[in-house]
Each structure stands twice: as structure tokens, then as C-alpha cells.
Amino acid sequence: MLDPYTESVLIFTGINIVLALSLYLPVSAGLLSLGQGGFMAIGAYTAAYLTTEMQWPFLVALPCGGLMAGLVGLAVGLPSLRIKGVYLVIMTMGFGEIVRVFFLNFEPTGAASGLGGIATHTTLPGVAIAVLLTLLLCFQLRGSRIGRAIEAVREDELAAEVIGINLTYVKVAVFGLGAAIAGIGGGLYAHYATFIDPAQFGFQRSAEIFIMVVLGGMGSFWGAAIGAIVVTILPELLRLGNAQEWRMTVFGALLVVIMIVRPWGLLGVRR
Amino acid sequence: MSATETPLLEARNLTRRFGGYAAVSDMNLKIARGTIHALIGPNGAGKTTMFNLITGVLPPSSGDVLIDGVDVTGSRPDRIARRGVVRTFQGVRLFPTMTALENVEVGRFCRTRGGFLAAFARIPGVATATESATRRRAEELLERVGLADRRHMLASELALADQRRLEIARALAAEPKLLLLDEPVAGMNPVEVHEAGELFKSLCREGVTILITEHHMSLVMAISDLITVMNYGRKIAEGAPDEVRKNPEVLTAYLGTEAAA
Amino acid sequence: MVLIQQIVNGVMLGSSYSLIAIGYTLVFGVLHLVHLAHGEVFMVGAFIGLQAVLLTGGGVAVALPAAAIYLLAIKPIRARKGHYLAPMISTIGAGVVLQEIATRSFGGEQVGFPVAMDSQIWHFGGITLTSVQLVILAVSLGLMLALHLFVTLTRVGMAMRATAESMTISHTLGIRSERIIILTFAIASALAGVAGVLVGMSFNSISPYMGVDMGIKGLAAMLLGGLGNVYGAMLGGLVIGIVEVISVAYLASSYRDAFAFFVIIAVLLFRPRGIFGSTAHVEA
């Protein structure tokens, strides 16, 4: 059996992979979102509330959290049809903050004090399964008819439209699906951290997930997964005293460097 | 065209204004099935705007567009594509990081089915029947336009003439009844222009109606069944190539701007 | 009478938002870039002001490290033909770096911010103001006026406006774009820094996280006023300040922060160009 520390690192890595893949989906359609933290929060709070207050089984509560986040994701996806590029980024930032402020005031889930006493239902095998399922989902999409349509939308929306691709369907669907997966990631997180509060899902979380996708994102979902692994594990490997404390600083700087050196990494020129 | 046969495409009193400026004004156009119809006119005459209006990229300020007698005015481009009207672009719009083959495959989108659930239900790594059929059809089309040997090249890496051919192949993948070609031979050398002309004629023989807009007069005269001439957003002449080439108004419109044949 | 007091308080609060929004607008004007580290510049300005002797002057000093952001994180990217959002993403990274450094240096908690003046209360026919509020109001409005005069009357100011209109044409007229850009960046950041000090004074505390909130509100103000329009940004900030104060007075106080976010979404959905903006900027 693994020692608690290693198990913890692996679990967080797995959860981060799920979160990074959740952002990869809208990004693969060309939709940059800085609000995945918000969807993660919805999934986390919904699942945690269902298990702690309503005594629902974890395996039912978790998908419910994902579903809830997914539904909100569909709603957020609708404006993405008219709001593009930098405006979409700003809008998703605003959305993320709205979610945070909402939970900051929502009494049934503890408002600012957060929600505690969550049972630790998240296990390493459970996370591993979630990771595998999410990777499989991305893999299946990749070679499929709808996956190609998503790529086409990213490459050139107008050209995609004139050959018969319904932009609404594609954009709203990837937003919703990405949100649902982020919600599942949130539920897994909540049932490992045992305590959640709105501050954990704010802009910094969204930025962190974003950085994972950018770092590894060579336009493929494997890249996003690798980015998640690097962001989670690298600070652990380099046990330079307070590595954990400086990791966000380093990753922020890395983001700048990548934009200077390989800005197309985000666009998906994969060769 | 007999008076009773429904035109494949009809534009009625189509007008499009940008602020106070009318790019297209009261345009009437009837495209008969099985013909090659050319839309010509000096730069700025409104030809590309007409294309945008017909394909739903721009909504008209007034007027109607009918496909096979069905009113599609104001429809989204993807709905119009599904009704069988597909276009290419003046400045080729391909999917740059996808290969030639993939570009054509994605063109099959509106003729195939299968969304997210179908995607997840596949056996991982194994192509479904639809996907295999799509691939085969795409390869056939690439063969048709002469790009079979370059199928795995990235669209952005192809030469311009090849890119135009690829765009046509992609459009054909959507099984159009009417293919709108926006200046398809611009930038091509005489040999390529001739080949393109032969391709268009054979496509028409196979049942694809074509609406082409071009500045290359000799090509237009050689392949068109009917020519409509526009200037300043309006129709100034229409008829068989021989009539149009002698029409004084047409000559006036083009004076000084006639492209070398 | 109470309403007028609320409006005055709102203007007070809003003037800080305006200063930030003006900064965003100035940078957007010359670089066509939404500078997402601007909120952090505001925050750093507050911390520098904390350390410096002349508080308000300290805020201005943030212009120097801010210029570094431009040189390191933005300029190298503009030369490359990458994704058009690459510069903006880079500013996200820069912002994260700034916030992290501030958190490591000063801790994640609120830090007390001294108010180096005697506190006096003034009454103007039914309206109550503290001397701090007066100073804030005076400084903010004064800076906005100074900016207006600078941009309209001085040669350098006009060069800035020209560069924002069209960099290529300005180039051919002999304007040194690079210098103008750096100057614009410096001015924008200095305004944000001063706003940081003013906000610190009015709340008596600052924290490394104040940049995120403020940054988004400044963005909302800029969007509301119209992308690229400095006067729109000024107005947008005041409007948001006033509505925030009124919503606290007459509605639930805890949703106050969310108001700005709703403004962002509403503007983007219904009138992306804002109140005064032109449609030229809308398609990203």
C-alpha cells in the first residue's frame, strides 16, 4: 500500500487531470474559458450537499454534481455564440466570480464559512477510474464525426458553417460537457478535501486550470493531461524547501514564457 | 429552362444595405437546374455580397431567397448547406492544421449522422461503418480533383491552386445541389484554369448546378450557359455568353477594368 | 437627502474604479490588448505606497515595475505571429506572478494601511464627508482632469491619441510608437497605483487579493463605457460605484461585488460596444 503522502499527490494529480481535460473541451473548439473554477464549485457543492445533508450515496451525488454543473454550462455556452475571443474570456471570468459570490452568500451550504465534514469517499482507484473515463471520452471524440466538427469550428467558424456544421450545437455542447466534467472533478475534490469554501474556487483556481492546459496543450488532450501532471507533481519533485509556495509564481512566469516562445501551443498546431 | 420548372435557386428583389450604402439592390436571379450560371461584374459590383446573402452569411435588408421553391430567407448558413447549397470563398478558407483528407472528411458532416453519444459508443480505435464510408468518399473526391497523392499534407502546406481544389472537394463532400464558386481560378496559370474549367463542366454533367463568379472572362465565356452581369449592386444584363459579350452596357461597365482573357 | 449622500459615496467609490478603467482603456487603445495584470498593478501600487514615505507618490512609483511588465511580458510577444490572444494570456501569467510575489512577501491576510492625515468631518448642506473622502475625490477627479488636459493639449498627449487611432499612420508621421506605448503603459499603471493608495486609505487595509476584485470591476467599467473610450471609462467607473453603493443601501449588501460581474455579462450580451464605444473594436 502507498504511504498517505504519495496517495495524496496521486489523487490530486488525477483530479487535476480531470479538470484540465474539462477545460480542454471548450478550448478545442476555440472557446477560451477562465471560469472552470465556477463549474468545479457547482459540482463540488452539489455533490457535497447531497452526501452530507441529504445522505445520498456518493456514486449518485457525484454525477448529480456533474449534471448540475453541466446544465449551468449549457446556459453559459449560449452567450458564447455571440461573444467571442477576448470578450468570451472576460465573460467567463465574470461568470466564475458570480459563482464564487453566490456561494459566499448561499446559507444552505454554509456561505462564507464553507461546508465541512464531508466524508472521504474519494479513493485512489475511484480517481483513477474517473481519469481513465475522461481520457477515453476525449479519445473517442477525437476521431469521431463530432470531434472533427469541433476541430473545424476552432479552425474557421465561417467555413465550418457553410459546409453544414451547426455552431450553436457544437459550442453549447462542448461548454456543457466541459462544465459537467469540471463538476465531477469538483465533487471528487470535495470528498477528499473534506472541507470546501468559496475561496477555493475563485479566479486563482480557474487560472491554475488554464495554466495546465496552456503548459501542456499542444492542441491535444494528452497535452492537457500532461500539463496537469506537471503542475501537480513538479513542485513535489523539486523539494526546494517551499516549492509548494512558489509553484504558482513559477507557473505564472512559465505562462508568459510560453506565450513568448510557443504562442501557437494554444491554438493547436499540433505538428 | 421551361417556364413551369422551379428554378433550383431564386433570389427575389434581394437588397442589402450597409448604413446608407446599398451593396445589392433589387437583385433578381434564377438559377436553373443543371446549368453553369456566371455572375460577373467589376470589383465592388456586389457579387460576393450576393453570395453571402444566398448562403445565409448575411441577412438581406429585404427580398427573398428560395431553394427549390422553399423560402430560406434569413436561414443560417448550416441550414442552407443542408438544403444543398454550398460555397467556396474568394480567399480560400480551409482548416489549416487539418490534412487535405481530414478537410474533405469534415465536409461530409451534414450528410452523416452521429453526435456525442455515437462518439462514445464506438469501439475505441476502430472506425465505425459511417467513418469508413466517410473516409472512402473523401478519398474519391480527392481523386476527382487530382489531390489524391497529397491527401496527408496539411491544408496550409498546399499550393494555392491545390488549396482551391481542396476547397471544392470539401464542398462536394457535402453533396450540394448547387455549388457556389467565388473566384475559383484567381491566381491560377492558364493550364490550371483550363483544368478547372474542365472540372466544372464535368461536375455539371454529373448533376451539380454551378453558380460561379469570376474575373477570368475567357473561362466564363467558355463554360457558362447563362451570364448575369452586375454593377453597383444591380443587374445590368443577362443572357447567353454571346449576347452578353456584345452588350454595350456591359462593355461600358468594364471599360478599363476588363481582365485579360 | 439620503439619496444624494449615497450618490456622493458612490462617486467616491466609483472614482477609484474610473482610474483603473482609464488605465485599461489607455492600454487597450494603443495595444489593442486587454491587460489582465492591471488589477495586480493596482495592488502592487498600494503596497508600494505602503512602504513609501509620501503615500500617494509611492503609488505612482508603480509605473516603473509596470513598465517592466510591458517590456518582459508583452513586447516580445507582439513581434511574433502567434495566437491573437497570446499577449492577453501572457498578462494573466504576469498578474499571477505579481499576486504570488505579493502574497509571499506580505502574507495572505489584510495589511493595515495608515491614513497620514487628521480625520475631520465636513458638512455640505446635508452631505457628510470625511477628509479622507475629500482627498480621494480631489485626487481622482484632479488626475482625470490632468489626463484630459494632457491628452488634448500637449504634443505628447496628442501623439498618444494618434498612436491609439492608428499605429502605422502615426509611424509615418514620425511618432516614436514604442516610446508612446511605454509612456501610455506607465501612465495607466501610475493611475492604477494611485488608485491603490486611495483605496487603501479609504478602507484602511489592503491585501494581495484586492487586485482581482478591482481588476474585474475596472474591466466592467471599461466595457460599460465602451472599449477604447477614456471618457466612457471614467463614466463607467462612476456609474458602477454609484449603483454598488445604492444596492448596498437598498438591497442585500453581500451581493454588492456581484453587481459588476452582472454588468460585464449584460454589456457583452446586449451592447458589446458599451455606451460610447464604436463597433470597430467589437469583433476581437
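Letters A, B and C mark the chains in the order given here, with residues in each chain numbered from 1 onward.
Here is the rule we use: a contact is a pair of C-beta atoms (placed from the backbone, for glycine too) under 8 Å apart; a residue touches a chain by one contact, two chains touch by 3 or more.
In this text the structure is predicted, and so the values were computed from the model without any measurement.
The central chain here, found by comparing per-chain C-alpha centres with the mean of all protein C-alpha atoms, is A.
Set against the C-alpha centre of subunit B, every other chain centre is closer than that of C. Our note on geometry: subunit A versus subunit B, Cα centroid distance of 41 Å, whole angstroms.
In whole angstrom, the spacing between the mean C-alpha positions of subunit B and subunit C is 49.
Look at where the CA atoms of subunit A average out and do the same for subunit C: the two points lie 30 Å apart.
Residues of subunit A in contact with at least two other chains: 267. On the side of subunit A, the complex with subunit C involves touching residues 32, 34, 79, 82-87, 89-91, 93-95, 97-98, 101-102, 104-105, 202-204, 207, 210-211, 214, 245-246, 248-249, 251-256, 259-260, 262-264, 266-267.
Partner subunit A is touched in their complex by these residues of subunit B: 55, 57, 76-78, 80-82, 86-87, 89, 93-98, 102, 105-112, 114-116, 118-120, 122, 124, 127, 130-131, 134, 154, 170-171, 173-174. Within the complex formed with subunit B, the residues of subunit A that make contact are 136-137, 139-141, 143-149, 151-152, 155-156, 158-167, 169, 173, 177, 219, 267-271.
Against subunit A, in their complex, subunit C makes its touches with residues 34, 72-73, 76-77, 80, 82-90, 92-97, 99-101, 104, 212, 216, 219-220, 223, 252, 254-255, 257-258, 261-262, 264-265, 268-269, 272, 283-284.
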